[in-house]
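Next up, some structures in structure tokens.
Look at the two complexes coming up: chain A is in both, with chain B in one and chain C in the other.
Then we have the complex of A and B:
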């Protein structure tokens, strides 16, 4: 019967999972509700780290030790597989963060703001002065390049 | 028992840090708090026997991530702007509804999981015993995490390298667009006044 187990024991046994879910949901909340893009990225990394904690908690064996072979046949080891998966995930997480930060830098360069609502308002306006100017310049440059190719082609003749 | 108590306290500390991240508007403080969050995670990993993961989390999660954030902060504004009241209200409400529903469902599901540390949980009896028994005899490396990472699951690690390479390429392309415009501006300074991405 479920009722015979004291609540404190149930909580202690599942404490890791409960905290992981709380952290995950807090990260999700930051990503959804904050407008600042850097803060969104911090929320995303909190979300990621909570998943790491979940995997490592699943791999824990009570009374076990780190999975490094000691030679003693009685030693109990924790599960090495989640450790390997999370090692990969940590590195990929940093790659995601770096890419996100590069995007935020470009957004800041184009709009002069890293607040989502301000950027969206600027996009909604027809003006978009800075972005339009940059795009026009890129069009220019393409024109230049074609022009240069034509000049080079004539020189070869 | 001590391990369990340490675990409970450190996990509670993580929740406190996340609440502080939510409430702080100075972004430098937020970035440093997220570094502290990663370090405490590393301590928890040691406590849960994942020494290799703790090592990586401390070096990569707390180290490189924080450095990347701080480097970006050198260009970006240092404080979070307070958006208009109506905006915060709707976004907070939307976030709260989603988070409460998803979190509630996950919590319900969490009580059906095997207890933390259960040696007979399905995750513990599937393929892990084979790695533990075999890897020292076959590959002669005592650290099982190393053998699984480099040998049994070497293709995973290859895939990881490809992902990191792609991300590095993406960062390079995104940031080099700026240098290209800058170079162009240098070539024709009179036409491109004030158009560089990194100008004020």
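Then we have the complex of A and C:
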């Protein structure tokens, strides 16, 4: 039965799922590929929104109306549960975005940039001075194991 | 209201108490007072967990209907022997971490933030307890995000000392949110074909679903989401930075309880929700979970050998230890799952103790603890260093420590299955873990302290919880009958629930 319907028709009838897939993949791609921390959060939001659309599409009953009791026993209702679930998920999404943006603000204050590659370069430098100092001092006393431990103990401070 | 009312509401109390105390602590301006409230909250949790444990030990499976709505419509909390063992380990370690946090948190973050820090602390604990107890697939996602967002806040608090904590927190937020969203996609697929969200109800309905491919897709998304949260290799990348740049007390709390909850949920998904369709789960366990666990064990151990920063080293070793737990659960025999649960409890003890000891050394010396900065610490801080040593031995799995029991049962479970190659790999990785721990033992005890080293006073407040953990490590190594019995009951109830 299903095999007799052309693929194009199936896709056209379920176009909302195509939208879901497109949004989901573009959102995830943005999260992975962008260096800008705010754009990453935008991607994350798109990714999450696609899931909201997915749930709403699943909950829709063909020909059904909004699930508000009309008094008419013949009324066909859409499934209200996915809507409620997604209401919760939207709240979670808002909280995630808000916390993410707050962190980006703090990162900007601490590093002066919101580009991930620049921030990571600075992050790597944070660990460097210590190593460089140890290497310089080791050059003076190479081979003296006891002295080396003393120097490294000093370099830590 | 009577004593029965409290007993009937035990599962809800475990979540409600921390969540209600959380906004209260946020309003308390005095850090010490906020700590007392947090300690009260985690103390109550321990008592509730002990009561739950004693109830389930007699074979009772506790179910609780939130708001008296019966499942499958309402949200149900289920506490069986697997749940109570996990909750027991988590609440105890959270309580000890809170004891430790008194001095540790106030030393590392600004005084005005301490109250808010305990607020996030309680939120993270309450969220993780709820995550373990809920029997509703979507409610699980909500608890997952409550605990994840609270953990992000706690990690970011490390920024006062080291700005790299901000990046670690941001990465954890983004990766964690992607993982949680994967889980929700999976739940959506399963809901679409079954029309239910209650775990027991799902377990009944999934075997009758004809569209097996959709079940498989849903299962895949849910498992991947949980693997991210549990920091199983190769989706572990958020963990080392998050644990090492967070304040010491936060590292202790998260290392001890956060990933354990996710691993427990993973076991629930595989054995309870999808317990009726073993042909779906067996494939994933055999070809994904077991190989990734073994890879994680080696990658974590080798990264730890080359790491000089102590907190990062411990975080990498966590990835290896998580591998042991998921390996036990991945072989899916009752002995294997029992071994996994034994190690959930033991690893919480071991890693909690190690992070606490490093936190203590950090507070005493005032600088990031690297291998070299521990030179001579064994003589200067003998109590802390000895406790570190005991937990370290337990991590390697030397006899007479808790870690040995974990390895023993894991190897035994693998031998039952004739997985000789994996047995060899597990033993080899244990030998490798000696390498990074011996390095620390050598600098701590063998080398003399630097001539101009600071005078160090050990603080009782720090080593009391630490020594409780160290003694527990030895005690569980000598007499593991309670833990082993509880873990075997847990495995039986997990495998039995799915049929």
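In this text, the second predicted complex is superposed on the first by the 122 of 157 C-alpha atoms of A that agree within 3 Å, B and C clash if a C-alpha of one lies under 4 Å from a C-alpha of the other, contacts with A are read in each partner's own complex, and residues count from 1 in each chain.
The criterion applied here is as follows: contacts are C-beta pairs under 8 Å (C-beta built on N, C-alpha and C of every residue); 3 or more make two chains touch, one makes a residue touch a chain.
In this text, all values refer to a predicted model and were calculated from it rather than measured experimentally.
**Student:** Return first, second, both or neither, reflecting whether A:103 touches chain B, chain C, both chains, or no partner chain.
**Tutor:** both
**Student:** Using the touch definition from the top, say if A:115 reaches chain B (first), chain C (second), both or neither.
**Tutor:** A:115: touches chain B, not chain C.
**Student:** Please determine whether it is chain B or chain C that touches the greater number of chain A residues.
**Tutor:** After superposing on chain A, more of chain A is contacted by B.
**Student:** Go through the superposed model and pick first if A:40 touches only chain B, second if only chain C, both, or neither.
**Tutor:** Second partner only.
**Student:** Quick one: classify A:49 as touching chain B (first), chain C (second), both or neither.
**Tutor:** In the superposition, A:49 contacts chain B only.
**Student:** Name the contact category of A:88: first (chain B only), second (chain C only), both, or neither.
**Tutor:** Both partners, chain B and chain C.
**Student:** After superposition on the shared chain, which partner residues are touched by A:61: those of chain B (first), chain C (second), both, or neither?
**Tutor:** first
**Student:** Touching chain B and also chain C: which chain A residues?
**Tutor:** 24, 28, 41, 58, 82, 85, 88, 92, 95-96, 99, 103-104, 106, 110, 134
**Student:** How about chain C: which of its residues touch chain A in the complex?
**Tutor:** Touching chain A: residues 138, 141-142, 145, 149, 152-153, 156, 159, 162-164, 166-167, 169-170, 173-174, 177-178, 180-181, 184-185, 188, 191-192, 365, 367, 370, 372-373, 375-376, 443, 447-453 of chain C.
**Student:** In the complex formed with chain B, which residues of chain A make contact?
**Tutor:** Listed in rising order, the residues are 10, 12-19, 21-30, 32-36, 38-39, 41-43, 45-46, 49, 52-53, 56-70, 76-88, 90-99, 101-106, 108-110, 112, 114-115, 117-118, 130, 133-134, 137, 141.
**Student:** Quick check on the complex: what are the chain B residues that touch chain A?
**Tutor:** So the residues of chain B in touch with chain A come to 4, 7-8, 11-12, 14-15, 18-19, 21-22, 27, 30-31, 34, 37-38, 41, 44-45, 48-53, 56-57, 60-61, 64-65, 68-69, 72-73, 75-77, 80-81, 83-84, 87-88, 91-92, 94-96, 98-99, 102-103, 106-107, 110-111, 113, 115-119, 121, 123-124, 127-128, 131-132, 135-136, 142-145, 148-149, 153, 156-157, 160, 163-164, 166-168, 170-171, 174-175, 177-178, 181, 184, 192, 195, 197-198, 200.
**Student:** Could you pull out which chain A residues touch chain C in their complex?
**Tutor:** Residues 24, 28, 31, 37, 40-41, 44, 47-48, 51, 54-55, 58, 82, 85, 88-89, 92, 95-96, 99-100, 103-104, 106-107, 110-111, 119-120, 123, 126, 134, 146, 149-150, 152-157 of chain A touch chain C in their complex.
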